[in-house]
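Reading through the structure tokens given below for one structure.
Think of it as A, B, C, D and E in the order they're written, each chain with its own count starting at 1.
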Amino acid sequence: MTLAQWMPFIVLVPMITSGLVALLPGRNLPWLMTFLAATASTGLSLWVLFGIDAEPLRYAFGNWPPPIGIEYRVDAANAWVAFIVSGIAMAALLWGRVSVHQEIPERQNIFYALFLLALAGLLGITLTGDAFNVFVFLEISSLSTYALIAFGHDRRGLLAAFRYLIMGTIGATFILIGIGFLYMMTGTLNMADLAERIPAVADTNAVRAGFAFIIVGLGLKLALLPLHLWLPNAYAFAPNVITVFLAGTATKVALYVMLRFIYTVFGGDYSFGAVPLATLLMILAIAGMVVGSWVAMFEPNLKRLLAYSSVAQVGYLVLGVSLVSLIGLTATFVHLFNHALMKAALFMALGTVMYRTGSARIEAFYGVGRQMPWTMTAFALAGLSLIGVPTTAGFISKWYLILAAMEAGLAWLVVLILITSFMAVYYIWRVIEAAWFKPAQTDAQGATKVFREAPLALLIPLWIMVALNFYFGLETSLSLGAAEQAAQALLGAFK
Amino acid sequence: MSDNKILRIVARFLIPLIMLFALYIQFHGEYSPGGGFQAGVVFAAAWILFVLIFGLDLGLEVIPERAMFVLMVFGVMLYCAVGLANVLMGGMFLDFSVLLESPQAAQQAGIITVELGIGITVATVVMLIFTMFARRKREQDALEDEA
Amino acid sequence: MIDIGLLIFLVVVAVAVIHVRNLFTASMLFAIYSLLSAGLFVVLDAGDVALTEAAVGAGISTLLFLATLTLVDREEAPAIKPWRHHWPALLVVGITGAFLVYATLDLPQFGDPNSPAQTHVGAQYIANTYEDMGIPNMVAAVLASYRSIDTLGEGFVIFTAGLAVYALLSVPPRRRRKNGAHDKAAEKTGEKSHE
Amino acid sequence: MSFIPTLSPLTVVVIPFVGALAIALAHQHPKLRDGLGWLASIAFFIAVAGHIGPTLSGQGATQTLSELLPGVSIAFAVEPLGLLFALIGASLWLVATLYAQSYMKSLNYPHLARFFACYAIALGAAAGIAFSENLLTLFIFYEILTLSTYPLVTHSGSEEARRGGRIYLFYLLASSIGLLLPAIIWVYAATGTLDFQSGGILGDHIAPHWIPVLVGLFAFGIGKAALMPMHKWLPAAMVAPAPVSALLHAVAVVKAGVFTILKVAIFVFGIDVLLATGAGVWVAWVAAFTIVSASLVALRLDDLKARLAYSTVAQLSYVIVGAMIATPLAAIGAVMQLAMHAVAKITLFFSAGAIQVASGRKKIKEFDGLGRVMPYTFTFMTIGILSIIGLPLFGGMWAKWYLLMGSLSAEQWIVAGALMLSSLLNILYLLIIPIRGFFAPAADGVPTEGLHEAPMAQRVAMGITATACVVLFFFPEPLFELAKGLVS
Amino acid sequence: MMDVVLSYFNYWVVILLMMIGFYGVIAHGNMDKKLMALGLFQTSVFILFISAGKVIGGATPVIRDGVSVFSNPLPHVLILTAIVVGVATTAVGLALAVRINEAYGTIEDDLIGDPSHEPEEP
């Protein structure tokens, strides 16, 4: 089979495996199958990523030529996103085995089956070239995500999941409305076909409305301010492994789809010309950066702190888009990857501490730095990446973002990026200070609580993640190269 | 509700009829409106009717929870299996035309099989969900009684 | 022009569903809404959809709502917020609605056989189905073959829902507690212990 | 020195890091830990010294590690100025090791392994700064230096130390990320490169009227150079143990700051460009203001280390003045000040620590009569002070001389005036200390019985650096030649 | 003008339906009611889609003798999928509501408040 023929298996492997995993007994077998499936997806998507050239890979399901049938159409942009998503899933699983034993002692087969469905859904959204197919796979990933968030033992997870469900469904319905308008005006659902047929009807209210509804619907999924309200609690009260996974993937995929619609379906000229989208996105992005960072600075629950930081990071991602340039888009794509790396590492570190202390409150971190030095050092190093210190992956992202801003002649934006970086310094610092400079917690009797260092099964994946943050801060040819290709693929649109 | 004799007798007639109707829309879906989804739902409705009249325990004896769970997986796996078979026979995923000599017949065979898969999954998922809700009530009541 | 009577009846029922505070009544009204829309689908030539809406919307959804009502309060709490606090919701809805109306002004006329929707891909299905598959029901053909991967996805959506509900409701319930009370049992299960 | 092998720059930089790791791992074996401390510092010194030969013969080693961004790599290149800075650091580390091991033990500080490990890392970072081939590499090590010295500042763990540490970290990080980094980005965005090249890299990529702004971004962004108002971290850092103040806040950290300024002035802007455009003059005035006002503040301070800290603030601005006026003479003075001040100031901090160890006293008003009890310490201190004031017979004189000549030749009367005024103030606030120590009668109620001289190791360390102050007066040629080579 | 009004009247009523549902989702705190309103919202969107597939004078898209004009089958297929997605969402939402009721003793969102201000479970 050729590369193009293997390509859909990036989605099919986790999807099919999910059924098998649901039937597997015990705890280790489901994990193993899940991990293998994620690894297979990662391997395949890496293969696709390297094997792709100017022409997109196409796969027509049922051998029906599009637009009659549904096709997967993969260029450098979706290959890159698929690699990020599956890679993060793999990393999260590698770290999560032990953590899941603790958080979800029972029914792990259901948990892992849902995990795989969430993964398959996200990958399906990423690879497909059909607008309605996006909706279907979006719902697979969303429904499984709602359940996964509610899996934790904290009752607030239920509430967070429900609120996410309402918001997410509204978002999906908006997308559906948008697709409906596009269908009514063009008679097709295939993205490439839409791209061909939209210009003829571009100047109509219906197409504009379709565009707006899709963007708003995706904005909800993307947690773009002011549609971010579901995110902090959903991240904060989900099981840790899910937080690691979601933080690196869910919003990323939504952003990718948004870009696909902006650039491929509608075309950059239309998207940024017909409506002041760039300005709007920039305002929202900046608002997200500032508000997210600001709230994170004073948030006592560290998982929520990092979640708000994610709101801010979504701001960075969208900022790159709003600059409407190759370099800005490259910044977005490289940050897509780098942010996944750093947030995964941070949430892993947090989860590793929680494995011992059982709480995400900042008070629970008092003195932990001395008791769990390896874990907290990893946290600190990953924090450097989040701040954007040179030699870390985060620096590369910020650098490109700043270059894009300079290129656009927006020096004040550079200042703003630096200010929000400072805010990141502050909120990461709070954690460091709590861990190393506060006296350790005491129990009711006044005796110091002693937490042992986490087991190696958690530490090793965590440190691998931290090491990757530094590796991709020093050796950037893969990440930057892929990001640039992805940006070019989008700007060149489907050929 | 299950004390009502007339209801029981009517149900005895009605339930097989509904199931038959379900099978009809399952396998006649290519000729008239209907197909796996509708059939699955209708089939599940028949079972739910059974449960409402004869009780959950009896209903679970007819179709155990575990069976629902396994069949739920089986349904989607059947669908996937057809797709994978197409790939193994040299076609694209879900390209039914490679299944048999005649592409038309192959398409029909493929459609029937995947519709069956969908029907099974839909029916069992609906039953499973209903079981979950119905049993929840009993468990909650048991808890209240304890207290 | 589709049946104006049906549409107006739908509006009345929809308002009623939102308005009544008794959730049992609301569920029933919801079922009626589904049935009415199923009727509308028949008028609109969508037999498959009508059948599904009747079975799923009026049947399964209503059943689930009713089943839930055996587990939760049947009465919706009276509005806590005074009416003036509803203006953000009204604003959002108003803007969305106005935007939708604005969008419709350019839509092809209702039932126009020459609209893009009818002439492009849709027409090809109508033209090719019998030749490709030898079956008369185009909906089945499009569903199961032309757009088969969508339907597979749909199957997985259902499967996901099954797993999700199973995951949520197969854990034994804890003692119901009153609003906001802190649950000691949760603390116990939350306490980490085993290595 | 051809008998010493020339290691690659990366190896040189890595030696202290490896040493730090070894020290950290040996935390349960004090003897081994101290031995490793010596080993690391000696090996580092030899490795740095190994570069003297090739660098002076114009064949400074270069090494590129990885290309981070198009046109920007992590890369090293050894050139005379960097080598000078590295040599200062390496040789004073040797002395400081002698001093610090004695000091930390006599005051019973805990966590010594962490202390010496961070100490080593700081030196490694300083070497990284010294050998950087471009601005980004320099920036990376600059930040490593900031972060690795933070645990040293807060070493005692007291609330006061933590407060000081927070100010320290805030000022250094804020200035570097908020001003220095944008400046670097600006340079990159304009020129597409960050490599150091003699004659500068700006060319005409940046409009002349923007250059003073860029100079300002660098001057204030390099917070380690302590140009007012970015100087606040330096007094705050004085909560650190004396060896930290001595080696880091008199040598490694602050010198890294002024070194970076010199490096930027010479290799990014180009001395000629600065001189021709006068873009740096306004910064020179700020530096002049810093010199005078820091001296005035020092005058009022009673805590010896705080007074020394403000003295350091003033002395650092001498280098900035030299770099910004940018006449050849001034630049030579700046380079020489780099070395002279390091040697003299470390002596002073050593003595401040020694006094604290021996008598537990920190306030200058308690020193009356102490010089008679601790003659060695106070003598060495006097030598350091005289060198800093810039009197003949002591190395500091040369630096002051060239700086003064440079500012006069550039007709910068304000600056020249500030330099002279400062020397006068120096006498008032520094020389007064040993004078009171030797000649003032012991203050009432402050017992002198039972006091004795500082431990031997500390006296030896002070002796070495004090001697160096004198030696540098008589043999300044190598330094002078090096500086001249840089500016011409 | 009258033409336009008549031609788009259907659409507008459907939009009115959608907005009634949408309003219910946002404004009502009861989770059961929220999900019902969500169902209304979605069902109304379905009507919009199906309207788009209708051809005047067309017939149900099942080939049979004597019929030559069919309504478009594609929207039907899409909406079949969407209906299933809708009920799946409802089921999961209701299951969550049941669990929330057990954990909090109510399914009125307004009575629960912001979960981040709750005391931390350990």
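Here, a residue touches a chain if its C-beta (ideal position, glycine included) is under 8 Å from a C-beta of that chain, and two chains touch if they have at least 3 such contacts.
Just so it is clear, the model here is predicted, and its values are computed rather than measured.
**Student:** Name, by label, each chain that touches both members of the pair chain B and chain C.
**Tutor:** A, E
**Student:** Based on Cα centres, what is the most central chain?
**Tutor:** A
**Student:** Tell me the chain pair with the top count of C-beta pairs in contact.
**Tutor:** Max contact pairs: C-E.
**Student:** In terms of CA centroid distance, which chain is the most far removed from chain D?
**Tutor:** B
**Student:** Taking each chain's centre as the mean of its CA atoms, how far is chain D from chain E in angstrom?
**Tutor:** Taking the average C-alpha coordinate of chain D and of chain E, the gap between them is 70 Å.
**Student:** Indicate the whole-number Å distance between the mean C-alpha point of chain A and the mean C-alpha point of chain C.
**Tutor:** Their C-alpha centroids are separated by 28 Å.
**Student:** If you average the Cα atoms of chain B and of chain E to get two centres, how far apart are those centres in Å?
**Tutor:** 24
**Student:** Between chain C and chain E, what's the gap in Å when you average each chain's C-alpha atoms?
**Tutor:** Distance between chain centres: 4 Å.
**Student:** Give the residues of chain B that touch two or more other chains, as numbers and ranges in rising order.
**Tutor:** Where chain B meets two or more other chains at a single residue, that happens at 31-33, 37, 69, 73, 76, 80, 83, 93-94, 96, 122, 129, 132-133, 136, 140.
**Student:** What are the residue numbers in chain A that touch two or more other chains?
**Tutor:** 15, 19, 22, 61-62, 132, 136, 139, 143, 146-147, 150, 153-155, 177, 183-184, 189, 358, in rising order.
**Student:** If a residue has to touch 2 or more other chains to count, which residues of chain D qualify?
**Tutor:** Answer for chain D, listing residues that touch two or more other chains: there are none.
**Student:** Among all the chains shown, which pairs meet the touch rule set out at the top?
**Tutor:** A-B, A-C, A-D, A-E, B-C, B-E, C-E
**Student:** Taking the complex as given, what residues does chain E use to touch chain B?
**Tutor:** Its residues touching chain B are 60, 62, 80, 84, 91, 94-95, 98, 102.
**Student:** Which bits of chain E are touching chain A when the two form their complex?
**Tutor:** Within the complex, chain E touches chain A at residues 18, 22, 25, 31, 34, 38, 41-42, 45, 48-49, 52, 74-75, 78, 81-82, 85, 88-89, 92-93, 96-97, 99-100, 103-104, 109, 112, 115-116, 118, 120-122.
**Student:** Which of the residues in chain C come into contact with chain B in the complex?
**Tutor:** 47-48, 50-52, 55-56, 59-60, 63-64, 67-68, 70-71, 132-137, 139-141, 143-145, 148-149, 151-152, 154-156, 158-159, 161-162, 165-166, 168-170, 172-176
**Student:** So in the complex, which bits of chain C are touching chain A?
**Tutor:** It comes out as residues 99-100, 102-108, 115-122, 124-125, 128, 145-150, 153-154, 156-157, 159-161, 163-164, 166-168, 170-171, 183, 186, 189-192, 194-195.
**Student:** Would you pull the chain A residues touching chain C in the complex into a rising list?
**Tutor:** So the residues of chain A touching chain C come out as 15, 18-19, 22, 61-62, 64, 67-70, 101-102, 106-107, 110-111, 113-114, 117, 120, 124, 130, 132-133, 136-137, 139-140, 143-144, 146-147, 150-151, 153-155, 177, 181, 183-190, 193, 197, 201, 204-210, 212, 355-358, 455.
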